[in-house]
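Dropping the structure in here first, questions after.
Note that the chains take the letters A, B, C and D in the order they are written out, and that residue 1 is the start of every chain.
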Amino acid sequence: MGLVEIATGKVLSSFSVFLFLTILLLVVARRISTAILLFSAQSAIITAEVLATGFRERLAEAYVVGALVFLIKVVLIPRAFFRLVDRLKTPRDVKASTTPTQSVFIAAAMIYLSYAAVHSYGQSVRVPEDALAAAVALILTGAFLMVSRNKALMQMLGLLVLENGIYLAALTTTYGMPLVIEIGIFFDILIGLLLMGIFTFRIRDTFDHLDVSKLRRLRG
Amino acid sequence: MILLLPLAVTILGAGFVLCFRNPRIATRVALTVGGLEVASLGAVVWRVHAHGALQAGRYLRADGLSSLFLINIAFISALVLVYASGYLRHMGEGRFSSPRWFYALVFLFLFTMISVCLSANLGLLWIMMEGTTLASALLVGFYNTEGAVEAGWKYLMVCTVGIAFALFGTIVLYLAAVKAGMNPAAALDWAALMNAVPQMGFDPNLVKLAFVFIIVGYGTKIGFVPMHSWLPDAHAEAPTPISALLSAVLLNCAMYALIRYDAIISHTTTSAFAHTLLLVFGLLSMIVAGLLILVQRNLKRLMAYSSVEHMGIIAIGLGLGGPLGLFGALLHIFNHSVAKSLLFFSAGNIRQNFGTLRMDGVTGMARTLPQTSTALVVGSLAIVGLPPFSLFVSEFAILSEAFSQAHYVLAVLFLVVLSVVFGGFAYHFIRLLCGEPNGVPANSKLIPSEYTVMGIASVTLLCFGAHIPHMFTIILQEAMAVLR
Amino acid sequence: MIVVVTASTGFAFLVGWELMTLVSAGLILMEGDSTERRHNVFIYLMMMHAGAAAVVASFFLFLPYSHSLDFASIRTASASMPAGIRTLIFLLAFVGFGTKAGIIPLHLWLPRAHPIAPSPVSALMSGVMLKTAVYGFVRFAFDFLGGGPSWSGYVVLLAGAVSGLLGVLYAIAEHDLKRLLAYHSVENIGIIYLGLGTSLVFLAHQAPVLAALALIAALLHTFNHALFKSLLFLGAGAISNATHTVDLEELGGLQRRMPVTGATFLIACCSIVGLPLFNGFISEWLTFRSFLAGSLLTNTKAQIVLPLMVGVLALIGGLAAACFVKVFGVAFLGRPHSKEAEHAEEAPLAMRAGMGLLAAACLWIGILPGFFLRPLASLAQVLVPGAGVPEETLSIARIIPWVAVFVLGVGGAAALLKHRRKMVRTWACGLPELSSRMQYTSTAFSKPIRFVFSTVYKPDRKVESLPADQPYFPATISYRSVRTTSYEKALYRPFVDLILSAAHQLRRMQTGNIQVYLLYIFLTLVSLLMFLRFQG
Amino acid sequence: MITAINFFQALIIILGAPLVRGIIAQFKARLQRRQGASIWRPYADLAKLFRKEDIVPPTASWVFRFAPIVLFGATVSVAAFVPVVQPSALLASRGDFFLLVYLLALGRFFLSLGALDGGSAFGGMGASREALVSSLAEAPFLLGLAAVAILAAHADIAGIVVWTLRQNVFNISGVHILAFISLAMVTVAETGRMPVDNPTTHLELTMIHEGMVLEYSGPSLALIEWASAVKLHAMLALLIALFDPWGMASSLSGLGIGAALLLYCAKAALFVIVLAVIESGMAKLRMYLVPDFLGVASALSALAVIFTVLAKR
């Protein structure tokens, strides 16, 4: 019973709490930079869990994946985001369409919902319920962020959170997909973000604001 | 190994085209690459036709269904490339917006779509599907105008989100497979799944969950109502060849993915659920799109909605299943692609000649642009499903399937929507074609590339309406065999 | 059209059907364009397509029972089908073909499409295209369904009566020649449907011979109508060529300038009115007789209703007569009402030949109907199993020539009376010269009838006399009478409005806001998940 | 033999027609305390007109000249439908009443055309009014006849007459009464007598038939006048044959024929007198009351048809 085992046990048992924490903080975050930091923290937690799972299940490739996750989601993407924020020189606030209090309550409701949703499948799939619940909660939060935040950047972030959720779900239920697929998915995410970056620049250049709720020329 | 050929051609071609700054040369190169791509696809199809399903490594496979879609891709992409060669002739050199970039991105786009149809692994399928979004997003925003950027952003966001759900669906199916005791390595291979699903009892709840996410996810890409919102914007704002590619190939590729999943679960108890879902989405899309067609002002938006409507028709065909339904659906995929690209081509000419796509801005086309308006009339007659054009045949098949399965309500609604759509088209296009000509077209004569393309498309429509070639019917049979 | 008639499977039938619409629409559009013309074409296309949809549906309703659409299997299957489905099929076919045939109130397109089509086309449309509709209906009602319950017959009968009466009444009120003729097509279709309906009633009451009689009447009238209506439209075409107008108020006195056209047109008028010695009479006579034969049935309703139809048809006939007195009288007789009419030229030889041929056919059938009745009778026996040749057909074939001989003989004798003739200007009640403004115009002519039937027309009239301060010595009086067809508003408007408003609602759903779009997606997903949760 | 008699009947109607007119005129005159013209006057008029020349407006076409001939031909052949002294007629054997009515329509049609060809306002006026009256008169006419025909189960007039002869005089059904009244009203309208039309006036406000023939003269006018007379007489004979045929010769013996002829003359005279009384008793209806008049007729005839069914039960 080495230290590592204990650590993994702790991680696996308690990470979902941290995730919920990040969620609650994310929805009240006022500044984009805060949100980004929270996101990277979230990704870090997930990385930890990847490694823990890999260690417990004795999955060699899990370490590779963990490394990838860390590299991309904890380091690369946040940095890219910060660069973006600097280069875009836009006001740093997130322009929420809901007040922080509402957001918190909605987020709490969603967490509860996710538990409720997962409950039925919990037994049938035989996975740690709170893990799956956390995943679903992440998905919902991502969706919520995308719908309620007017800033293009925040929408991207929301998408990432959503992605995180899906990934987490995959991880907890199936200990991850075949390696090639994982890599492909990460690759896609990266390219996607790159493109979104390009588009944010274009939006900034053509509309000189980043408020997607104002992009309403095409309708009907 | 032959499966790698088209992929290699397209991806290398994409890189290769980028090397030529001179638009004219770039165009020539693009055309040659296109020719190669079509040839290689033809080879693949032929091999499939000759030796049945092909396998290349663990991740690539082609069978009857794939070859049907490959034919579609080959045909449309050929048309589009030729058309584009004429369409882009006035385009200068700009950052990301120059012929070479255009062609490079188009080939990338084609690459992703071909690999969607060739991938043997659902994960890979998903990756490539996401890839199509990414490859085409820049093309949608190609013009860099306000509208283009906005449309591009929406396209990117909406489709990525949708696709993300599709990923979740994939994962759930994978989970179900693994839980049912499949080897995780093979648990994403659709062939293996199709064999496995009937024998080992998958958890029906999980399968249903998977299909819900899949249909919402890929449905976003297909353009099912209410996930269709990106579609009109993207089609309207993209350069015309791209609009054609989007609605004639991309939607079909998404449909292909859906069909794959449908085929996998078609032998389980879940298939009934899946088919009901397909019918619901199909009917919803038909009705909403059909109504929206009535009140459109922009030509290409109108066509986009009609694409939504036709995707709905195809979905209904699939949902009905049965020999006639599947036949109709698969045939309709091809027919719709041809007719729709023809329509988009003529729309492109209109835009180039009058500088607008607002339908109230153009009248009396019949006099000023005789050839284009002929193409427009042919295309629209075909798209509303009137004989002697091929869409009549496929819709006829689907409809008769609906009636013979005694889905009377569905069938009647189907008919009503068709009439409404007909009304919309007739209303808009009569006003477009007749009346006093306003505005002088820039160049009323078509250049060879344009009229060859349009001619080919129209003739194809007519031929398939009169009699479906033997070769094609065989391929259809093979495709249907996959689904049963 | 030929495809339609020769088709032996539903698929081919529908193909031909749609093509027919398209081609005709194209032909209409070729003739230049204006806003209202476009609108009319649109209405035409729309109604045609809706009708086609109904036809398609009625075809497909056979499908679950006969697993193919070729006519033979349909025929065999229809016997074994539940009554409900049969009823549905019948109604759908009735509506579908009725739209094409232009029975009221499905006729909206007809008076719109005919006037704007070039004359040969409208001749074809009215002469042949409507007939294909009748053909289709006969196929369904008789061949496929083999008759039905008696109420179906009454439905058709009612439709026929309404179409006939309203058609002819609207026709009288028109003074645009082609619109008028179009309305007469409605009227004649009405007469045909009267025959068909009677036949159906007889079938329902197991009276095959009488059914055959009524059917023969209907079919013969179909054929006749094809003849004389084509002739009329060709005449109209000749007129518009010569005078560049088909407005009756602008014509007049053409008889002296275009004698051949006039003569053939006169023959056509007599035929359509159904005067003896002309073909229209034969078919109307047969229809009358089949009505009368209704009294031979044992069913009281039929006994009462059918003979009363005699009155209806008589009224139709009388009004038609009035209408065509107006047409021919105002267009060809008296003084020209306009410069164009004065300098009209006779139609070219080819046209004259064509019209002459048709006119000859009309007279031939009118005087020696035997040749046509025999094949028709045999056809009727095919459609109505167990029917002998009704003796009425033979009797009319035998009597008519005698009557012809008699009338012509007496008339000839009277004509032989030699009398000197002198040209003297009509006495103008002391006025220096009788001008064409003094003779009756078509509006004036139809005034009494319009007055009597004003409830049908619901006209909003206004008389403006200028200058207004001295109403009794006006410088000019302008008189407008607009006919409002009330059911158009009642029947079609709400439906269209409903659809359009729905479309606009949906359009509003499409707010360009991406967040809303995303919300849609999420909501769809969530609702589906909920569904899963509670269903499984 | 029978054909000869049928010819004889037709001749009676045709040649007797002016006499009927004369008698009516004479009797009306008497009622009005005038000593009118002799009853042979119409023959004289016709003879005079036939001798005169035909005056044609320069604008008129051949239709103008052709119309009276057709009218005459049609009307005369109508006369050949009506049995007078024995239950058959030249064309009555198979020619049924539809044919009869439509032959009248044929004549009327051409007369109206001729009127319009005159090119004066009166012709048009007459024609248009005639169009109204006749179009409305046709329905009750046919319905009334149909009612009788249904009772007799024969459509041809001869058949009807034969059937009627077999009935007892006293058990006439309500159908007969209704049909008779309506047909009588129709006859009044068709032949342009009071109260529908006034044959003696030439005032724009009132005239219908006279308006139409205003432009005619000479032989044409003669033909028209004669034709209308024949029409009147034929209608009378028709009414008699349908509703009061008793006394017709069942056998072809000369005696029987003679008796039948005398009897017919008596009936005809009776009808004529009644008509004359009505005419001089009534004022002419306003133009737009005529439809109501005919509406009543149609209602009656429709009732008659319905009663044919109800009476059987």
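Heads up, the rule we're going with is that a residue touches a chain if its C-beta (ideal position, glycine included) is under 8 Å from a C-beta of that chain, and two chains touch if they have at least 3 such contacts.
Because the structure is predicted, anything quoted here is derived from the model rather than measured.
J.: Averaging the CA atoms per chain, pick out the one whose centre lands closest to the mean of every protein CA shown.
T.: It is chain C that sits nearest the middle.
J.: Taking each chain's centre as the mean of its Cα atoms, which chain lies farthest from chain B?
T.: D
J.: Looking at A-C and B-C, which pair shares more C-beta contacts?
T.: Per the contact counts, B-C leads.
J.: Roughly how far is chain A from chain C, centre to centre by C-alpha average, rounded to an integer in Å?
T.: Centres of chain A and chain C (C-alpha means) sit 71 Å apart.
J.: Between chain B and chain C, what is the gap in Å from one C-alpha centre to the other?
T.: One centre to the other, that is 46 Å.
J.: Could you please state the distance in Å, as a whole number, between where the Cα atoms of chain C are centred and where those of chain D are centred?
T.: 33
J.: Among the residues of chain A, which are close enough to touch at least two other chains?
T.: Correct list: 120, 143, 146, 155, 212, 215, 217-218, 220.
J.: Can you list the chain B residues in contact with two or more other chains?
T.: Correct list: 150, 153-154, 157, 161, 205, 209, 232-233, 292, 295.
J.: List, in ascending order, every residue of chain D touching at least 2 other chains.
T.: Not one residue of chain D touches more than one other chain, so the list is empty.
J.: Give every touching pair of chains, nothing left out.
T.: A-B, A-C, B-C, C-D
J.: Which positions of chain B touch chain A when the two form their complex?
T.: 59, 121, 123-124, 126-127, 130-131, 133-134, 137-138, 141, 144-147, 149-154, 156-157, 160-161, 164, 167-168, 171-172, 174-175, 178-179, 184-185, 188, 203, 205-206, 209, 232-233, 236-237, 292, 295-297, 301
J.: In their complex, what parts of chain C are in touch with chain B?
T.: My answer: residues 11, 14-15, 18-19, 22, 29, 33, 35, 38, 41-42, 45-46, 49-50, 53, 56-57, 60-61, 63-64, 67, 69, 499-500, 502-504, 506-507, 510, 512, 514, 516-518, 520-521, 523-525, 528-529, 532, 536.
J.: Which part of chain B faces chain C closely enough to touch in the complex?
T.: Those residues of chain B that touch chain C are 150, 153-154, 157-158, 161-162, 165, 204-205, 208-209, 212-213, 216, 220, 226-227, 229-230, 232-233, 277, 288, 291-292, 294-295, 381, 386-388, 392, 396, 399-400, 403-404, 406, 411-412, 415-416, 418-420, 422-423, 426-427, 430-431, 434-435.
J.: Spell out the part of chain C that touches chain A in their complex, as residue ranges.
T.: 507-508, 510-515, 518-519, 522, 529, 533
J.: So in the complex, which bits of chain C are touching chain D?
T.: Interface residues on chain C, with respect to chain D: 253, 255-256, 259, 262, 266, 270, 273-277, 281, 285, 288-289, 291-292, 295-296, 300, 303-304, 307-308, 310-312, 314-315, 317-319, 321-322, 324-326, 328-330, 332-335, 395, 398-399, 402-403, 406-412, 414-415, 417, 419-428, 434, 436, 438-440, 444-449, 451-452.
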